[in-house]
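Chain lettering (A, B and C) follows the sequence in which the chains are written, and residue indices restart at 1 in each chain.
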Amino acid sequence: MQDFSASFGLAFSLIISADADLIEIIGLSLRVSISAVLLAALIGFPLGALTAVIRFPGRQALAVLLNALMGLPPVVVGLLVYMVISRAGPLGWMNLLYSPAAMIIAQTILVTPIVAALTRQVVEDMHKEYDEQFRSLCLPTHRVITALIWDSRYSLLTVSLAGFGRAIAEVGAVIIVGGNIDHLTRVMTTAIALETSKGDLALALALGIILLVLALSVNAAVYGLRASARRLSYA
Amino acid sequence: MTKLTHINLCLGICLAFCSSVFAAESSIIVQSTTSTANSGLYDQLLPRFQRDTGITVHVVAVGTGQAIKNAKNCDGDVLLVHARAAEQKFVAEGYGVARHDVMYNDFVFVGPPADPAAIAGGHSALAALARIASTKSKFASRGDNSGTHKKEVALWKQAGIDPTSDSGGWYLETGSGMGATLNAAVGSGAYTMTDRATWISFKNRQDYQIVVEGDDKLFNQYGIILVNPQKCSNVKREPAQKFIDWVLSKKGQDAIAAYQLDGQQLFFPNGN
Amino acid sequence: MPLEVSALSYRTEHEFVLDGISVTIENPGITVVMGPNGAGKSLFLRLVHGLLAPSSGTVHWQGRNLDLALRRRQALVFQKPVLLRRSVAANIDFVLKPLGGDYRQRRDQILLEAGLMRQRYQPARLLSGGEQQRLALARALATDPGVLLLDEPCASIDSGTTLKIEQLLQQTRDRGVKIILITHDIGQARRLADDVIFMHNGRLLEYAAAHVFFNAPASESARDFLQGRIVL
């Protein structure tokens, strides 16, 4: 297997040469996954915080459901989204299939349960600490929720990161709803799948290495941010 | 911090949704079999077509079976696949307007140099299948209802053998694309059947070679179909028809004939 | 400002933690709650503030049941300050902003009074223990309460801060705010108390004016407590 050394060399030269196609693919990967994580945060933070703070019937069931949905297979999500936005589907008229928007929708569905479930845990811990003080201040629920979300912002950054890791790494959903169309919906993972199917394992692995580097840099950036936040005792 | 997040968010959503709107401008979607895409043929054809007409073609490369299913869901303007019977059925059921021959090549059997079924150098597909079955040599099948898979199933039937009775034994149904099936075959020392274009452009051949070729039964015809605008109102009839006409024109056919990889011609035009 | 507590009990599954407390506090000024560990002082404060619901008995302020409007007029300072993961100023802003008006000016004035102006942009949780408690008190006062409840605010802080807090409490009393203060520190009780509640084992043993309680405690437990003996 000389593919390994070939792959590292290839990955390096791809990065150095700043190959235009590669940059386009990386750009789309980031755009799709970051958009999906932002949307998932928009839904998942309040949802997770609500299940942590408010007592309502079925709260436990919702928590269990969120945890279970964390393991949702991407290909199933892709299939569901495809069936809905396919032109024969109920939202076919929106003309979303084979577009980055479709990929964002699919990844948002994939990531939201992760963000919501982890948010619930983070916020629940903080709520235990703040609960008496907040009740003493007679805060309305929406202020409790927003305050808890804001005060756990650095933990929630890590939560988002877990979602981002899932989004950027998945191939099953985006390949179905995106179609892996060159210059339109091709992202890192679908490109890797394509090169693997062409038997170009060295190139596929090289792209995999670049994806890893990408994920590493994002993680390192967030880790740095969190570390400085911890110095300020904000995390 | 909050403001920045909001701005980013809006930008992200806008970018994502706007781009899909832009993409709709004078572009068509071709639901295609993988061999034509993975072999690089479209890289040869599409830039020329775009230069001539200004139309962008988006290719969704999946197995023939899935391509037809997607087209039935109106998720494409043009269908380019290789399973004549299924294509004719597609048109007969009213999903397609008309089917045209585009080009052909052939299927080949590839196998390991050890050649456990001793079929190397043969020219009969049915004899080779019979040897593989009787020696219980490993055979990797697409198993995904693709054009190649349909062809393979038809050949087993003609040979009077039901390999699926030993599925999971020597008969391995990968349920994946041609590339993945070739990777599986090469990795496990199995024979498999592939179209020649995919084989020539496949990079992970290792020591595998063509063992059977040249049988008339291994003929592989590609067809092109306009998805019926009466069934699917979203079909962009005009640019889609332009694409079909161009592919069948002398210009398109010459471009197909001129496409070579490793000094070999991959597709032979026979459109009218 | 009368607080009327009658037959107040709080019970866990196994035992009474607070047993039949009845007291009427009509005095303005500072009421100090004293008693050995486990007497139920913190629990009493939480019940009076409405953080917990009693097993039986009632709490009336101004002749009314404890409702949201009444509770909003109260502020509670906890033994261990619960500060938001924000700057000092943001901790004050958190309670000021909803009240409307020019909160910045008011916040600066509050921080000035609490001696925290210099630290206003520092993370609240990096303050020293004494500064944190001063901030917690400042935040409680920012809500402009009619009643201020404090649960051993000076339990583990330096004497400089204790002095500062006591000054703040006296100023607050002089503004007419009713204060109920739990403390372990007999010296502090002597310095601040207008009247005293003495609790032991979940019961109220004495409620008396400060000079009466300190000069002639009625119960033996209180006498032992004041003389520094261990009270069982």
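Following the convention adopted for this analysis, contacts are C-beta pairs under 8 Å (C-beta built on N, C-alpha and C of every residue); 3 or more make two chains touch, one makes a residue touch a chain.
In this text, all values refer to a predicted model and were calculated from it rather than measured experimentally.
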Two chains sharing the most contacts, counting C-beta pairs only: A-B
Of all other chains, the one whose Cα centre sits farthest from chain A: C
CA centroid of chain A to CA centroid of chain C, Å: 47
Centre distance in Å when chain A and chain B are each reduced to the mean of their C-alpha atoms: 32
Chain centre separation (chain B, chain C; CA means) in Å: 78
Chain A-touching residues of chain B, taken from the complex the two chains share: 1, 5, 8-9, 12-13, 15-17, 19-20, 23-24, 29, 34, 38, 58-61, 70, 72-75, 177-180, 182-183, 201-205, 232, 234
Residues on chain A engaged by chain B in the complex (per definition of touch): 31-32, 34-35, 38-39, 42, 86-89, 92, 95-102, 104, 153, 179-182, 184, 194, 196-203
Chain C contact footprint on chain A (complex, rising order): 129-130, 132-133, 135-138, 143, 147, 151-152, 232-235
List of chain C residues in touch with chain A within their complex: 46, 49, 51, 68, 71-72, 74-76, 78, 82, 84-86, 94-95, 98, 123, 125-126, 143
